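In what follows, structures are represented as structure tokens.
There are two complexes below, and they share chain A, which is joined by chain B in the first and by chain C in the second.
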Partner chain A sequence: MGGWLALPKEWIGSFGSIAKFSGKILKQVYTLRVLHFFGETLRQCGVLILGSTLVIWGLVFIVGLQCGIEGAYFTRAQGAPAYSGVFAAWCDLREIVPYGFGYMMAAKVGTGIVAELGSMRISDEIDALEVMGIDSVLFLCATKLLASWLVLPFMYMAAVGAGFFASYLAVVQQIGEVSPGGFSLIFWMFQNPPDLLYSVIKAMVMATAIVLVGCYYGYHAGGGPVGVGTATAKSMVMNIVLVHLIGMLGTQVFWGANPRAPIGG
Partner chain B sequence: MTDTPRDHDDDLYADGYEGDGRDAAEPAPTPDDERLAGAGPAHAAADAPAAATSASVVREAPPSDDDEDEYRWHTGMNRPTGVPDAVEFVDVHKAFGRNKILRGLNMGLPEGKISMILGPSGTGKSVCIKHMVGLLYPDEGDVLVHGESVPNMTDDELFDMRKRFGVLFQDGALFGSMNLVDNVAFPLRQHTDKSEDEILEIVYKRLDEVGLGSAHDKMPNELSGGMRKRAGFARALVLDPNIVLFDEPDSGLDPVRTALLCELIQEIHEENGGCYTVITHDIMSARRVAEYISVLWRGRIVEAGPAEELFNSDNAFVRQFLSGESQGPLGME
Partner chain C sequence: MMILTGKTLVSALRPPYPYGSEFVGQFLFALRLCWLPLLISTVAVSYGAPGLQAANFLILFGALDRLGGFFVLAIIREFAPFVCAIIVAGVAGTAITADLGARKIREELDALQVLGVDPVKNLVVPRFLALMLVTGLFDIFAIIFGITGGLIATLVNGAPLGPFWATFFTNASTTDLWGSLLKCTLFGAITAIVCCYKGMTASGGAEGVGKAVNQAVVITFLGVFAFNYVFTQTLLATHPEIQVIR
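Up next, the complex of A and B:
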């Protein structure tokens, strides 16, 4: 009995620990205590912008091409190539760009946070911060969360633009069965500003989860370099699962009841 | 606050074995008796004395009732220094899972002196440091800093209290993302309103003191282990703390640099005063700088007192440890 219950118990225990730790970080941001280290927050913004922007945009550009190609060939097979913009609009904004963003956030930012905090933990740097009278969670984790909130909405919206541009290139310039005006008409008809807002919310929830999970596993890493590696792997697994859960729930909540498609009446 | 047994280097207590002390006046067993204690089945107790003349690994151990032998050298004697204690441990117990590290530790670190906590590897010396600064909390007992109970402090009180401390970690614990100047300036930038010019003046002075004036723009990964330690020392002192803790400052250093570091500790202490506590198992360092010594073993104090008195102690364990001899109560176990 105890044997098969041990694993779920461990999962529930881990989830509880992560939730508690995340709650502490969120409280530090919402109560604005994090502004005590606004300089560090700005530094983290810089790290995010310089270190992650191009790879996120690059990945989203590629998946944008993919959406465009899939949409063009699918609608051509149905004898309606002019409607390839429908597939591209939904694929880009609602699904692939958030997922691509989430994957790259998990792979680049999430694991980066675990590696950074984990190596600080095993080399006593976190203890050194604490004994200097500095709240290490506030300094290391809350600043990263605030920085991600400051930077990522803009980075994400630009990534959406990169995805749109890539789909346009694939449909109009590469496959070339739709005129630029025809593609744009359908493409913009099947999305509106609230869709962009929902997409940003979806991505920001993913980003928040990824940063919090990364902070948890990095801050609590132990057991030397191997322990840091293990924590990094665990965080990656959890973040990929969370990205898909959040993606699924976001689609259900934002477009499940009302697909917001101008079809029929 | 973290409460994870991250870096204590102790597996000695992994079996959960826990002695409860024996009359200190009881006749002292031979060194081999000591090695045999608790190592095997009970029926071979009568064979134990013969172990002195043969390989201990083939001998059977005395009965478990003799586990109390574990503390027969722990007189707990604390010779008075005439000054109040800056830090006090009151009957402190600490375990990590089944590993009992501190087992009723009573220890004081006198104000205004350079104290040393000496003891074999894995006896809980680094764990003591973490209790002093509130990185770990005792399972039982209390830790007092200038009379204030560390475990009962709120987070804000704890952070304030820590500003009175400077800690030199084993490898310096420099921040890898900052160069030397930024590392040393970090506490000043966070906790003072000094101008950048004033901060840099203090930082360069401290770096010069530790011989790193020419390496100020180097990153930690460009420094040798000894340089990182000295940089950590400069950072620990930059706020002029009342209490400075050194966690094995001599580990990994060559003898000359160890001697120079010890001299530096003495010079800075003469200049600034306060309670300096050095954790080490290097006897030469103890002879050089210690004014007060606490010998820690198996989670309790064996004896404590002014350095010259400890070096002349009659306690066989203290005598063996402070002379670094292989023969005596302390074996490889």
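Up next, the complex of A and C:
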């Protein structure tokens, strides 16, 4: 029976220390102590923009195409192909773009942070920082969190745009049963600015969780090169489950009791 | 990567077959790691995305019983295979890359080659077959738990379950099921090849292994989603009968 329950046991065991570590990082950001290292924060922003933006947009574009064809075929089967805009609007903005963003954040940024911090830990660079009198959590983790908060809302909105564009391509150009004007009419009718705000909140909660989990596993890596690899793999497991749970809770909280659709009363 | 795919396929088919025990080991390993994340994720995804949103939409028309029919499309065709692929890539795939990368860094792979043991046949082939099988079988579980999520969404809205099952079974078709299984199995193959390749070409010490895992996951996700798009499009275009709502 040994290995079957290893994962839940580990989650329960490490949950407390992850929460404590995350609390420490959040406190450092909220008390603005992180501004001591504003230069490093800007550098992390640059890394995020140059390294991850295109990959995230690419994935969101592909899932947007996916949403588009499923929506087009589904509404055609219902006998209402003109309404594929509804499917595209809801599927993109509310569900798939946040999930796609979360997956790629976990894969690219989350594991990247673990790999970077883990190898710093293994080669004793983090200890060296401490010896030099620099608060390593502040310098390494809090700056990353602030950087992601600075960059990601804008990157996410652009990603939503990429998803919309992909759905438009799939529905209007590829399947071609709706005119561009008809698509746009229905598409924009079924969403409004608060929906975008909720979607951004959902994605930002995911991004925060991913950065914090990545920092925890990287900062506490140990055991040589193998340890770094194992820590990266473990952080990925945690992140994926968190992304799904946050996605579900976000849907329940924002849209569970109120569909926010322009139909009926 | 293509060369590795070819080599893997050839050495999987050509005798001798020394990888039996390794195959069973990897299979159980993936099963042990993935079952809980898969369970949580499929229920969460299907309750949230198709469950709540589609139920909201259908309630506006007073047609909540159509949720079952929608779940055939949503869960069997889309969400179950893709959640499966994400979980297997993120959990088992990263573990494989980390494992093979560590062996590469410690020069164990070179040692194997010196001993005359073919690393592709003895390490890659069992992982490839095990991941393919495990992802295909997990698809069934993902469908079952995905439908559980739909049932929860129905119950939350205070509707009886009978109409859900009725529309579900009138809309479900064998084509949908085999399409889903085939898609999932191929996702497993993509994951295994990318992760083994990245693990076996890792270099540069501790940072190299971490980077290899990072790249492996990114490439796998992009590959899986791109493949998903092409596959779904082909399946829908070549089997128009599964699009009909009954």
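Keep this in mind: the second predicted complex is superposed on the first by the 255 of 265 C-alpha atoms of A that agree within 3 Å, B and C clash if a C-alpha of one lies under 4 Å from a C-alpha of the other, contacts with A are read in each partner's own complex, and residues count from 1 in each chain.
In this section, contacts are C-beta pairs under 8 Å (C-beta built on N, C-alpha and C of every residue); 3 or more make two chains touch, one makes a residue touch a chain.
The structure displayed is predicted, hence computed values, not measured ones.
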Counting touched residues of chain A, say whether chain B or chain C comes out ahead.
-> C
Considering only touches as defined above, state whether A:I69 meets chain B (first), chain C (second), both or neither.
-> second
Classify the contacts of A:S123 with the two partner chains as first (chain B alone), second (chain C alone), both, or neither.
-> both
Which holds for A:P180: it touches chain B only (first), chain C only (second), both, or neither?
-> neither
Please indicate which partner A:G51 is in contact with in the superposed arrangement: first for chain B, second for chain C, both, or neither.
-> neither
For A:M132, decide between first (touching chain B), second (touching chain C), both and neither.
-> first
In chain A, both chain B and chain C touch residues 119, 122-123
Of chain B, residues touching chain A in the complex | 1-2, 4-7, 130, 133-135, 155, 159-163, 165, 167, 169-171, 173-176, 186-187, 190-191
Complex interface listing, chain A residues touching chain B | 119-128, 130-135, 220, 222
Residues on chain C engaged by chain A in the complex (per definition of touch) = 28-29, 32-33, 35-37, 40-41, 44-45, 47-49, 52-53, 56-57, 59-61, 70, 73, 77-78, 83, 86-87, 90-91, 94-95, 97-99, 101-102, 105-106, 205-214, 217-218, 221-222, 225-226, 228-229, 232-233, 236, 243-245
Chain A residues touching chain C in their complex are 3-4, 6-8, 55, 58-59, 62-63, 65-66, 69-70, 73-74, 76-78, 86, 90, 94-96, 99-100, 103-104, 106-108, 111-112, 114-116, 118-119, 122-123, 224-233, 236-237, 239-241, 244-245, 247-252, 255-256, 259, 261, 263-264
